[in-house]
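Both of the next two complexes hold subunit A, though its partner changes from subunit B to subunit C.
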Partner chain A sequence: MRQSLAKMDWSGKALGIIVLLAGFLALPIFLPVGWLSLVTEMLILALAAGGLNLMLGYAGMVSFGPAGFYAVGAYATALILTNTKLPFVLAFAAGPVIAALTAIPIGWFCVRLTHVYFALLTLAFAQIIHTIIFEWYDFTKGDNGIVDIPLPEILRSIPHYYYFSLIVVVFCLALLWMIIKSPFGKTLQAMRENAQRAESIGIPVRLYQLATFVLSGFFLGVAGSLFCGFNKNVFPNYAHWIKSTEMLVVCLLGGIYNFFGPIVGSIVYLFLDKVITGYTQFWPLVLGLIIIILLLFLRGGIAGFIAERLALRRRRGEQA
Partner chain B sequence: MTLQGLVIQILSGISTGMVIFLIAVGLSLVFGTLRILNLAHGALYMMGAYMCYWISSVIAQFTGAFWWSLLLAPVGVAIFGGLVEVLLLRRIYDREPLDQYLLTFALVLVIGDLCKLAWGVEYHLVPAPWPLNGPIFFMGMPFPSYNVFLIFCGPLVFIGLWALIRYTRLGKVIRAMTYNREMANALGTNVPLVYTVVFMLGSWLAGLGGTLVVPTASAMPGMDMIILIECFIIIVVGGLGSLSGAFLGSLIFGLVNAFGILVAPRLAVAFGFILMIVVLIIRPWGLMGKAE
Partner chain C sequence: MRRTVIITLIATLLGFLASVPIYAAEPIKFGFLHSLSGGVGQVYGIPDQEAVKIAVDEINKAGGILGRPLEMIARDDKLNPENAIREAKDLILNHKVQWIQGTVSSAVALAVSAYCKEAKVPFIITTAQSAAITEEKGHRYVFRLTTNTDTYTRSMANAAAKYWGGKKVFIIGPDYEYGHKSKADFMASYTKLVPEAKIVGELWPKLGNQDWTPYISKIMSSGADFVYCSLWGGDVISFTKAAWAFGYFDRVKHCGQDWGGVEALGKMGKDIFPKGVLGGSHYPYWIIDNPISKAYWPKFNKASGMFAGVSVSGYTTVYVLKQAIEKVKAVDIEKVINAMEGMELNTVVGKLQIRACDHQTLWPFWVGPVAVTPDLPWPHITNPVLLEQAKAYSGCAEIEALRKKK
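And now, the complex of A and B:
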């Protein structure tokens, strides 16, 4: 009986995902271009936040510097596209790989520390990346950024770029989902709950944390490369800590202990940003108040709240 | 470089360091006692700077307007801090650090925009007050006398805080809480009251720093973020929650910055972070902190 229930649950979920994907595929048909680029931005932000959340929600490592790797991915792709004749696919793939490679030495230093110190060290490294981008003018064009990044013909229209982003983001999120559901992901959660106990049953905690750091850097790099192609330019503020905080807020807004949290968070965040900025220049004030209200009344973030409600309904259904 | 130039550079490094000390020590004190990394500390500092501008422009017809703001603005910030503690922070002490980051970050946004609403986005400068508005000469080189005053403020506050923590009843309670919170609670301290008082003291220090800085920089949007990151560097270098660590960290930070600008002007922003990384690698708990 339980078996069949679980199966039904699973097929229901699969159906839901198919309907959702079909909806996303059909979006360009009826959505004006302006909103379509907003949805593209949401997808990219969802991926960045998802990559951060692997570390934040699942391994319990609070990073203040995710934007550093986001920027490394973006700049790597941008620099390759403007300076070489390499095909787009290679340049695009190189971004995340270089971001992940950068994350190895940085992560090696950071995972030696815990809690606040870890958070602050990640911030320091991200700010150094920002400074290098800002000051190394000959290489990165400093504050002027790299503009007019050449894209292949096929990706230049917004609907086409939207489809490209959709494919990449869905693929990466599926990858993240598999990571989280794998023994590796379970181990991370065990470490989050009690690192000492995890260590005592023979889990090499630091190694796992480093792996998480690098994986997270990789996904952030994918998001950065995607965004660089979307905007066709890159600027030092990609690496700024405001950008990092934005990602952090998106995760927390949606809910960090839920896989869909960062996705919900990015949708809500960018939608509110667009709507509220139309009415008032005091969007940060509104955002701050929203966060405070969420925090005092909706502890699990939006996705956590929805999951709680669903669980409640299911329980009621079982009782009836 | 000439000897005079060297002396001036050292002095300006120390005076920057001493202002940041006032702010960093407040952050460190709050962290040590309340166990909250208050991201809004920089915003309170900015609020102090704006209040100083506001008060000195309102009472400009009196002589010594700045000195009045020096007295009043930090108190204003402390009262605001007290309200924040009672209304918001109090509800999240037993939550995860993440919730605390998020709440204090929300405060950064709220306070930043409130300051914009009240005082606009223009830069506000308050001139250095009499009698500190002229230069002092060191070996024939001019140095702003106001900055000399700043150099004295740091040690003065340091000694004041040290005496407070060493000799008063409140200080004893703060120390007890920093060492062993559960025990202090069990012994019947009025914990909520102490938390409020400590947070107000931290806010007062942030406001004081903001007020003191206005005659050398100006009150402007964005100043909160810059100082916050500098404070992070200092309290990490010195050791979180350590008073003397914050002092030492500020001195080192000020000097590293002053000389970093001479050596490699374009990388000046990164020096603090490099310092922090070096210290964390050698002593992960900071220079004056204790290993966990």
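And now, the complex of A and C:
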């Protein structure tokens, strides 16, 4: 009985995902380009937050510096596109690879620390990346950023770039999903619950944490590269701690213990930002209030809250 | 019962929808994109917005442009290029604005300029100064209605040579491109006037630095003839407060482009201020004898409670677009741009022209020593000197060469 229920649940979920994807594919038909551009941004931020959440929600590693890898991805793609004649695909792929390579030495240092020390060290490394980008004028153009990045003609229109982002983001989220559902993902969750216990049953915790760090860096790099093509320019503040905070808020808003949390968080966050900044200059005040409400009343974020409600209803249904 | 409620609701909604177009002719919309929050917003963005509001009010009261009212849509760029592009996209794609004006950060201006070039919508810079935006990175869709870094540094070098003419120069500036570029440009101009001039020391504090004591004592013990300083905004105010305590302004000759504007000096009293510093101003209204100016500054002061300063560029920009649209008798972007190229303007600072070659308005920049006089409630520049336009701005041929090199 319970098994068949679970099966139904699965086919229901699959159906839901298919309907959702079809909806996303059809979006450019009825959505004005201005909004489509915002949806593209939502997708990219969802991927960045998803990459961060692998570390944050599943492995319990609170990072304050995800923007560092995001910026490395964005700058790698930007620098290759402006300085070399390499094709876009290569420049685009180089972003996440270089971000992941950067994450290896940084992660090696960071995973040696725990809790708040880990968080602070990630912040410090991200600020180092920010400073390098900000000060190295000859290479990164400093605070002026790199503008006017050449893109292939086919990706220059907003609907085309939207489809490109949709494919990349869906593919990456599917990868993340597989990672989380794999034995590796389960191990991460065990480590999150109790790292010492995990270690005592023979799990090389630091190695797993380093792997998570690098994977997370990779997905953040993909998001950075995507955003570089989306905006056609890059700036040092992509690496700034404010950007990191934004990603953390998106994760918290959506819910860090739910796979769809960062996606929901990104949609709600950017939508609120757009709507509220149209009316008032006090967007940070509203954001502050939202964070307070979240922390006090919605600890699981929006997705967590919905999942909880659904579970409650299902349980009631079972009882009846 | 339920049905009646629904019908009433639908009817009201339809009523609302139907009533909208009856009010007026469709407005001409434009985007105002500036830093409206934080310290920089208080000093530059908010006054600019107030000035633009006055222009929009005046124009709408006089019947609008081609009989259509003017509507400003204001957005905060949050001093962040990424955010600025998002807002610019929203303004152009969703609100169909005819032009965008504003911005103070040069990085923001560069980003918006690149986007507007692609979207083919004019972007008029009213505060940001980096010369590169209109010089090597200039294009058909970007304009500037204020000075640029060339004017700043050349005017300062000219005034420093005229007033002091020392050979030992000390440099202090914020540690990012603006500071370093200002130093290079200043020295290039100054050594043309005083060939033996040399830098005897350099200091590069962070933007928004808090503790000025070590910098002040280093400068005071350097033995330099004068200091060239590119600090701006809040740094000018905090540096002044710290330096005053050391008697700095009695002992050191100090000059800098952002030390004479009402933006910084208007926030200081008569007791602590950068006495004798050579500072620059875009609009020293207390010495300008011009009917447009005499009508403008009291009005601005009354409407906003602030003193008129560089924000007058925002006000002027709205009138430039009005003049251009009325000239071509159409709200057509390409025609309007053609009209703006080489257009003669009647502004608060007199007759000006938007140069056709680089879309730069040759706005004057006055430099003089800061002092307190009985006629104004705050310190301001006095006896200013004005560098002639041909020397203060790069020539068209020079810019052409720069663009080719790129």
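Convention: the second predicted complex is superposed on the first by the 320 of 320 C-alpha atoms of A that agree within 3 Å, B and C clash if a C-alpha of one lies under 4 Å from a C-alpha of the other, contacts with A are read in each partner's own complex, and residues count from 1 in each chain.
Definition applied: a contact is a pair of C-beta atoms (placed from the backbone, for glycine too) under 8 Å apart; a residue touches a chain by one contact, two chains touch by 3 or more.
Note that the structure is a prediction, hence the values are computed from the model and not measured.
Of the two partner chains placed by the overlay, neither subunit B nor subunit C lies in contact with A:217. Touch criterion not met for A:107: it reaches neither subunit B nor subunit C. When the two complexes are overlaid on their common chain A, residue A:37 makes contact with subunit C while staying clear of subunit B.
Judged by the touch definition given at the top, the superposed model places A:284 against both subunit B and subunit C. In the superposed model, A:115 makes contact with subunit B only, not with subunit C. Once the two complexes are overlaid on the shared chain, A:232 sits against subunit C while remaining clear of subunit B. Looking at the shared chain after the overlay, A:255 reaches neither subunit B nor subunit C.
Number of subunit A residues touched is higher for B, counting subunit B against subunit C. After overlaying the two complexes on the shared chain, residue contacts for A:143 are found with subunit C alone; subunit B is out of touch.
In the superposition on chain A, subunit A positions 134-135, 282, 284 are in contact with subunit B in one complex as well as with subunit C in the other.
Residue ranges of subunit A in contact with subunit C, taken from their complex: 32-35, 37-38, 41, 134-135, 137, 142-145, 147-148, 156, 158, 231-233, 235, 237-238, 274, 277-278, 281-284. Across the complex, subunit B meets subunit A through its residues 31, 37, 88, 91-92, 95, 97-99, 101-103, 105-110, 112-114, 116-117, 225, 229, 232-233, 236, 240, 266-267, 269-270, 273-274, 276-277, 280-281, 284-285, 292.
Put simply, subunit A touches subunit B in their complex at residues 56, 62, 109, 112-117, 119-121, 123-125, 127-128, 131-132, 134-135, 241-242, 245, 248-249, 252, 256, 282, 284-285, 287-289, 291-292, 295-296, 299.
Interface residues of subunit C, counted against subunit A in their complex, comprise 36-37, 41, 75-76, 80-82, 85-87, 89-90, 92-94, 106-107, 110-111, 113-115, 117-118, 130, 132, 137, 175-177, 180.
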